[in-house]
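Single-structure report; data block below.
Here the chain labels run A, B, C and D in written order, and each chain numbers its own residues starting at 1.
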Amino acid sequence: MSDYPAAETAVLLVDPLNEFLSDGGKLYPYTEPIANAVGTVANLKRLVEGARTAGLTIAYALHHSNTGGDYDGWNFLNPSHKGARDLRLFEAGSFGVQVHPDVAPQPGDIMAREHWTASGFAGTDLDFLLKQRGIDRVVIAGNRANTCIDSTGRYAVELGYHATLISDAIAAFSQDEMDATINVNWPSFGHAVLTTDQFLGMLG
Amino acid sequence: MSDYPAAETAVLLVDPLNEFLSDGGKLYPYTEPIANAVGTVANLKRLVEGARTAGLTIAYALHHSNTGGDYDGWNFLNPSHKGARDLRLFEAGSFGVQVHPDVAPQPGDIMAREHWTASGFAGTDLDFLLKQRGIDRVVIAGNRANTCIDSTGRYAVELGYHATLISDAIAAFSQDEMDATINVNWPSFGHAVLTTDQFLGMLG
Amino acid sequence: MSDYPAAETAVLLVDPLNEFLSDGGKLYPYTEPIANAVGTVANLKRLVEGARTAGLTIAYALHHSNTGGDYDGWNFLNPSHKGARDLRLFEAGSFGVQVHPDVAPQPGDIMAREHWTASGFAGTDLDFLLKQRGIDRVVIAGNRANTCIDSTGRYAVELGYHATLISDAIAAFSQDEMDATINVNWPSFGHAVLTTDQFLGMLG
Amino acid sequence: MSDYPAAETAVLLVDPLNEFLSDGGKLYPYTEPIANAVGTVANLKRLVEGARTAGLTIAYALHHSNTGGDYDGWNFLNPSHKGARDLRLFEAGSFGVQVHPDVAPQPGDIMAREHWTASGFAGTDLDFLLKQRGIDRVVIAGNRANTCIDSTGRYAVELGYHATLISDAIAAFSQDEMDATINVNWPSFGHAVLTTDQFLGMLG
């Protein structure tokens, strides 16, 4: 049996947002060099199209859309909370919080509640919705390598899922961040690291 | 020291929605007898006003707003999922999913992500947002006694919170449901059962 | 297909302990009337034997074994924590914390970490271990109806499991507690309420 | 006010085990070069002694002690599960699963349930026990940098805690692993990275 039976596998896109991936996104200047070098958007597009053709579930885990004052009264803002607040990232209704049009959601996809920090599972219904569909394998891509991608992968493993990283369908602000996730961490905690081509070659 | 210091206590309203509490709400015919008998809306209003005056945090845990097709492909719908689907409860944009106007949210209140089932904590950011404000005591009211109220209280205790039920600021479909939560269950797992007057008398 | 395919179903025994079920258990005086009336131990035995024969997984969720001082420094003891402390319930190494010999664990059974309060899922590895075995349906029995049984069932549903109560393989301190769980609550949140005979009749 | 008030702060030791830190530990050959270079054990000892003197809580999050057959029937073993099984790591009753004697637990310390994978919070009662003591800040040290330390830190942040890494009271199998956690990841998701001396200098 394939490691990725269609009925049990979801491609899980974490923050595939214009903010990171599109000209005009507020973080695009930071991700552009890596995204261009690895072909993140083109690979995400092929990944999602191939997965849809093979009948896999597509799931989206998107970052909190800020409406102003969201962090007022918090005791312990972490760097990503401060960045979101101070740089006005992920503003509700903005271009940045839209999913990149090449991997736009379709009816029937899983849309998890928005996450506040890094893990797509923390404080959301992602685990519940995956379980309701009988999904026990997640294939993770999106942004940003060493924060949301890494954290979502770690949570997936702790929750009992099989967790695969698509190493050329992610981006980050530096090669060090890419290396930390792809070469150092995921091989220590996850189940597989594959390129888009390798993964698509394993489907049907 | 009071059991309810203002900086550490939130009044947590679970599903204080028109669907349950207002003429025209789809479940109001079922809750109206109990709600009228105990004065649920009037007590909720006094509870929230008193808590605001005393400087407590107000938190809202609201049910998922259905947009159609939300339960497609699910393996295991429970009775509340089936009811929401079949009776078209909690429809996004409807009168029913609005908070009752007498206890409407104000800027600065905690608005947790919507819950799919019964516990305001399950698959939501409620615990995270309470922690970020330093809240460790929750005072629970709303609907429906033996489902969302009871489940949210049980989760609160398991998560380490002090959990109080306001016995006359809830409603249910039958007196048996009220009794199960107020007289049988909460005294077994929770920290306190108080009327609105008793609780307000302990503030300031 | 059966609602209870062997490879996907676990009989989940919550606190099937001598403390509740055996002469000499500290809580047995409180559960004995109900346990005798419904035949709890005999039904638990038939339930587990039938499930083992049919190839189902058996899982145990057991209460924390107290070693003395366990609750020192806690902010918010609930009634069950206070009871355990003051009545010296569930003492490590005692007769009371042993599983009733008629339903003793066998090699290969799932043994979840002990729980502190009521839900067998809260603060334990039960969900993780069930997932690692591919279990998505739980059939719950044990003690005490309106505390651990009810809470474990609520968590199961919130986590995406199909949750069945075996109504004559549980016990409680009063008929009100039994009624609250069997007749009022489980039908509102769970997927099925069956007797031992009804459930066994649905297996292979 | 200090960032680390004694009543609200715990030094959280993740896997400070002989297996990693002592001659004879099965993983010590892999951690010894880094542990010697940074002085991990000596720093852990000073960290814990200083924290005890200042009145902070000490908490332990220890890895699952294997008893044989623990991973039988699991669907998705990750690399650390396979390593534990195949190399017979963390065997119950062995020298390796004992806490290093220089930082041995004392009565009143928090002892969380054992974790199966990397995060000290996942599938354990750690969050519950910290909350019961009113702890909202954790200061993390132990092993191994990019697995258990990194994962425990990520969970702490997602759960609403202030999370500090003690960069010279951890160890790993390579400098790349240390760098990934200390220089790349923690500064992206956590609240502080301090040496033992820096942290102790901030207490009382």
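Just so it is clear, contacts are C-beta pairs under 8 Å (C-beta built on N, C-alpha and C of every residue); 3 or more make two chains touch, one makes a residue touch a chain.
Given the structure is predicted, the values throughout are model-derived calculations rather than measurements.
S.K.: Could you tell me the least number of steps, going only between chains that touch, from chain B to chain C?
M.R.: The fewest touching-chain steps linking chain B to chain C number 1.
S.K.: Specify, for the interface formed by the sequence copies chain A and chain D, whether it is same or different in terms of residue numbers shared by both sides, with half as the dividing line.
M.R.: Mostly the same residues form this interface, as more than half of the numbers used are common to both chains.
S.K.: Roughly how many whole angstrom separate the Cα centroids of chain A and chain B?
M.R.: 33
S.K.: Would you mind pulling out the distance in Å between where the CA atoms of chain A average out and where those of chain D do?
M.R.: Taking the average C-alpha coordinate of chain A and of chain D, the gap between them is 27 Å.
S.K.: List the centre-to-centre spacing of chain B and chain D in whole Å, with centres computed as mean CA coordinates.
M.R.: Chain centres of chain B and chain D, defined by C-alpha means, are spaced 38 Å apart.
S.K.: Scan chain B for residues touching two or more other chains and write them down.
M.R.: In chain B, 75-76, 122-123, 127-128, 131-132, 134, 136, 158-161 touch at least two other chains.
S.K.: Touching residues of chain C toward chain D in the complex: what are they?
M.R.: So the residues of chain C in touch with chain D come to 69, 72-76, 107-108, 113-114, 116, 122-128, 131-134.
S.K.: How about chain B: which of its residues touch chain D in the complex?
M.R.: Chain B reaches chain D through residues 127-128, 130-132, 134, 136, 158-161.
S.K.: Of all residues in chain D, which touch chain A in the complex?
M.R.: Listed in rising order, the residues are 75-76, 78-80, 117-119, 122-123, 136-137, 146-147, 150-151, 154-155, 157-163, 176-177, 179-180, 183-185, 187-191.
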